[in-house]
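As written, the chain order gives the labels A, B, C and D, with residue 1 at the start of each chain.
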Amino acid sequence: MSILVNKNTRLLVQGITGNEGLFHTTQMVEYGTNIVAGVTPGKGGEWVLEGKVPVFDSVRLAVEATGVNTTVIFVPARFAADAMFEAADAGIPLIVCITEGVPVQDMMQVRNYLDQKGIRLVGPNCPGLLTPGETKVGIIPGDIAIPGNVGVVSRSGTLTYEVLYAMKNLEMGASTCVGIGGDPINGTNFIDVLEMFEHDPMTEKVIMIGEIGGTDEEKAAEYIASKMTKPVASFIAGQTAPPGKRMGHAGAIIEGGEGTAADKIKALEAAGVRVAKHPEEIPTLLQ
Amino acid sequence: MKLHEYQSKQIFSRYGIPIPKGRVAATASEARQIADELGGRVVVKSQVLVGGRGKAGGIKVAKNSIEAEQLATQILAMDIKGLPVRKVLIDEAAAIDQEIYLGITNDRAAKKPVMIASASGGVDIEEVAATTPEKIIREHIDPLLGLRDYQSRDIAAFIDLPRDYWRDFGRIARGLWEAYTSSDATLAEINPLVITKDKRLLALDGKMVIDDNALFRHPDLAEMRDSDEEARSETEARKYGLSFIKLDGNIGCMVNGAGLAMTSMDVIKLFGGEPANFLDIGGGAGADKVAAAMRIILADPNVKAVLYNIFGGITRCDEVARGILAAMEEVKPQVPMVVRLVGTNAEEGRALLADANMITAETLADAAQKAVAAAQSSAGKGA
Amino acid sequence: MSILVNKNTRLLVQGITGNEGLFHTTQMVEYGTNIVAGVTPGKGGEWVLEGKVPVFDSVRLAVEATGVNTTVIFVPARFAADAMFEAADAGIPLIVCITEGVPVQDMMQVRNYLDQKGIRLVGPNCPGLLTPGETKVGIIPGDIAIPGNVGVVSRSGTLTYEVLYAMKNLEMGASTCVGIGGDPINGTNFIDVLEMFEHDPMTEKVIMIGEIGGTDEEKAAEYIASKMTKPVASFIAGQTAPPGKRMGHAGAIIEGGEGTAADKIKALEAAGVRVAKHPEEIPTLLQ
Amino acid sequence: MKLHEYQSKQIFSRYGIPIPKGRVAATASEARQIADELGGRVVVKSQVLVGGRGKAGGIKVAKNSIEAEQLATQILAMDIKGLPVRKVLIDEAAAIDQEIYLGITNDRAAKKPVMIASASGGVDIEEVAATTPEKIIREHIDPLLGLRDYQSRDIAAFIDLPRDYWRDFGRIARGLWEAYTSSDATLAEINPLVITKDKRLLALDGKMVIDDNALFRHPDLAEMRDSDEEARSETEARKYGLSFIKLDGNIGCMVNGAGLAMTSMDVIKLFGGEPANFLDIGGGAGADKVAAAMRIILADPNVKAVLYNIFGGITRCDEVARGILAAMEEVKPQVPMVVRLVGTNAEEGRALLADANMITAETLADAAQKAVAAAQSSAGKGA
């Protein structure tokens, strides 16, 4: 068991013939992900991976032909909103957007539109999802994680890899790892994923990796305190970040005194979450 | 990207928001000339990208053009919070009856734009929010539908704006909304929006922040960037697509991924060091980018040691290693370097760096501790 | 019993201080409608009807102060969309828009927005609703109808009065009369109201007054044939209307061969509906 | 309100849709001059607000400016479906490879705009819809979000547009969407959109219909109305805010309410008569409006009797009666008049008309029968 993606995932790759799209399509297929189609407008009728994956001109055509149930988006930032609208209008219930740098006003429109339709978006500006041993949707390196009972949710990319790697070194496996992304307006937040982990029978413990900016960690702390039965360990990046500066991620900024690491750590600890001092320490808190 | 007051007000004006007559000057004599054109009584306003210009003495009223020239001379010689004043805005002075705050920003939690207003304008809205939150109205705007007229009226009613001004206020609110959306702003604020003694609404001061990610569709706005206002290293970093922020410590950091870069800083601090910068080389960075990053880090004379923390995923460790070697050829660093490579092609990367004079580490904690120790010993030598 | 409005209706009048708004407010209050508040921006704090009805600057303020559950809109066409958005955002579940001449693109935005929020709109360009003996929301003259068991739904104004008057002359009463309005894009269509009448225990028979333009009568015929148990009589106006011309109502136009009276009558008769030759004949078909 | 081809194409051009070079001419010599400017080979196109101009001979290709002048002379002398040609559009002739249909209209049932396209352009889309519906794509557009780029691509793929043209087609589709929304159109169509032999997309013909109810926010479009193209009585009626449509029968009708007005026509027909017009005086019409309506009805020489059917609600019957009396003073009608007043102040109204020489009726059926009889007897007398 797992959340969001598993071996029944029938994946579409939007932007499949681009450099990044094609590289990660190869990686995903090697991992065992069932990629049933790709979309690149203007390249419908071609095939990639030596005839393994058909390319369509539009998501609608791909969905009709292949029964997609999840899509992963690798298109450039300026086309990302359109790609998400297209996937939503084609009725795909789970959209994972890897693209970094999507304008925030685009994202507000996308998020409001998707909410109307009840469609789940993960990302953008995220590494995607990995259910070790089953499927990989996105760019998380498959070999750094093993199957297990720890759910991982994170706003970050490589920091997550760091944690998965530390887990693996301790022979601790993951049920599903969800990268929710570093943008201020995104599709899925901590509470959404925590709730799924809480209800996933295969997940027994949870690691939550936050960072400065916004108040999602504080809200997650409230959820954990009031609703969660499973133990949660956490790490918050950006304790040394100066206020008013965007720390790489569009969403990683302390503004108006809000979004500091100290506030988040305080809220989490008050909710009974064990907060690590550095990322390699996190898995040890759950042992 | 922050815009200057004069730039923001120019944009506002395009969307029908009334602003004072005025122009920007780079010299005191220009300032005098503009003041003459405006009839003498003007405000001389330093154009720097920080708040608190007024308190710092960067905004002064001149009774005539001679005084305007004198004040411009003074203000153009100032540094405000470390930023030298290079331009002043000369605005017609207005007789003010009341000051209002009106702004639009993104509400992360609500996933919607929010229009914020307060009858107490002219001061920092965050201060008002902290001390008298009941004086602030926050009106969320549907991003698919835009600001509705009734919302402007709700705001006008909340801030007790006399009804004679409602129609003009509605136009200004709509103009601000259009300026915000058309410019892909993350903040557009008029502070203060004043009622003048001759019964007009006027945007006396303005501020806009543009979403960097949306600049591709606003080449005109991208050109407004004032590189004078940021550290040279940050300008340089942007050229190479690197995410870089200068800090005050002495351990340079080069990391792939923003979260891991912040974390590397945090762990340096945890073990008693001080990071000299935030630097994310991004995913899949090649040798060129790595070399540029290294030059930027080492250009800071404070740097006493450098930590490389690379977790290979999309980024391949051997590529990064090659970048480090190339940059070392060129820059010939005099400070100790600690390198940690994990993940994709880490073995190859480590092999490439074996002959370079570098300290290697297995874990991030180990790497940070070694960097802290190296910086201390290197700083000791330098002293 | 009745549908949509009854003696529990707590009505707000938007545009209450305008000529039309004030005139019909007086008429409605005389009829017995419980008008709890009015809105005219810029006139908050005033009172109308000799201190009986308070006026507010905004719908939100009116709702907070008086517990409105229905609103009727009399504002000029150029402000009507804004008035509907305002009512919707204030959470009023039933909006009745009398205003004629609302731009059709405004109405498409309004309708799509209201659908998202699950808010019912009746109109625009309609005479409103009348539940004889209980309440009147809109401009239907109260004295031309008596309480009874016939549900009336119509796209027209005075034509409806004609029918109510003919009913009264036969001592036939109405449960509720719903004017859905003559615009091409409106809030409530025939099927919506037929369904409510079908489920309303007080309604035993239904009169449906259609006209040329669109295909709502054809769809209603399908609904009647497949779902309705109560007898329906009908009349379709515009049998002599030339194609391509808007017959007063923005929605009353035969376009591309679609929307003729002949088609509608045929569909209704095929569904077992008795279609009258002239309006005064309608009630006799239900006797 | 329908716009002429040349007006529609001007609007399209503002939104970046490529149109042929050309200008409109009111005389043959102007046409020649324009043809000269355009290099000789041109299309001369009658500008009348009906379809089927080509079949009627109202569109002709000229090989040179002399021929253009001759053709313009011919076409400017034509009547097309009863409408005199007053202007011709002189367009540069294009060498055509393929003709496409692209339009946007409102889908009543879906409550959304719909973009419609077909690879078979240049013919009436309703004909294509009737004979080969599978050749048509209907793409609904979210009115809050607007046309998305992917939708244009879906359309391009459906109509088998060669991929080289997708980018330009996307711009044209977006331009058409913007023209449609910015003009409050109920129809905006390019038919045909052609691929020229020199590989360009070009909007050869265009049509827009503007929502009359939205003209208040488009004074520029309202000015484009060509009153030459409608019956004088309809222009006159609009001035008074009356909804009027001229028909071919001999019984004039004045009714309050559109549904009741249509019904009154229907009932006249039911009892063997023919209505001369549709006329809705609207709700709450005062005496002035009623008098204007009466003048308009009686200006039609075909009218042999007039039926007044007023159901008082907002409209007060006494007001209407006063209007009728005032108009009778002025117009001195020579035809019999049947009047039926019911509802608000009907008694008072009837009392006012008691001394006027009018036939009264209780029910609509009764009124219609009396009007039919009166018209027959009046026509008999006139003959």
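Here is the rule we use: contacts are C-beta pairs under 8 Å (C-beta built on N, C-alpha and C of every residue); 3 or more make two chains touch, one makes a residue touch a chain.
Everything numeric in this text was worked out from a predicted model, so none of it was measured.
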| said: When I count C-beta pairs in contact, which pair ends up with more: C-D or B-C? | reply: C-D
| request: Between chain B and chain C, tell me the centre distance in angstrom, where each centre is the average of that chain's C-alpha atoms. | output: 55
| request: Please report how many Å separate the Cα centroid of chain A from that of chain B, as a whole number. | output: 28
| Touching two or more other chains, which residues of chain A qualify? | 109, 113
| task | Find every residue in chain D that makes contact with two or more other chains and list them. | result | 142, 144-145
| said: Quick check of your reading of the touch definition: is the inter-chain graph here a line, ring, star, complete or other? | reply: other
| request: Report the residues of chain C in contact with chain B in the complex, numbered from low to high. | output: 41-42, 44, 57-61, 79, 82-83, 85-86, 89, 109, 113
| Which residues, counting only chain D, touch chain B once they are in their complex? | 144-145
| field | chain D to chain A touching residues, read off their complex | value | 142, 145, 148-150, 153-154, 157, 163, 166
| field | Sites on chain B touched by chain A in the complex | value | 106, 108-109, 111-113, 126, 129-130, 142-144, 181, 184, 186, 211-214, 216-217, 243, 245, 247, 255-263, 265-270, 275, 278, 280, 283-284, 311-315, 342-344, 363-365, 368
| field | chain D partner contacts - residues on chain C that touch it in the complex | value | 20, 23-24, 77-78, 100-109, 111-113, 115, 127, 139-141, 144, 154-162, 165, 182, 184-185, 209, 211-212, 214-215, 219, 235, 237-242, 245-252, 256-257, 261, 277-280
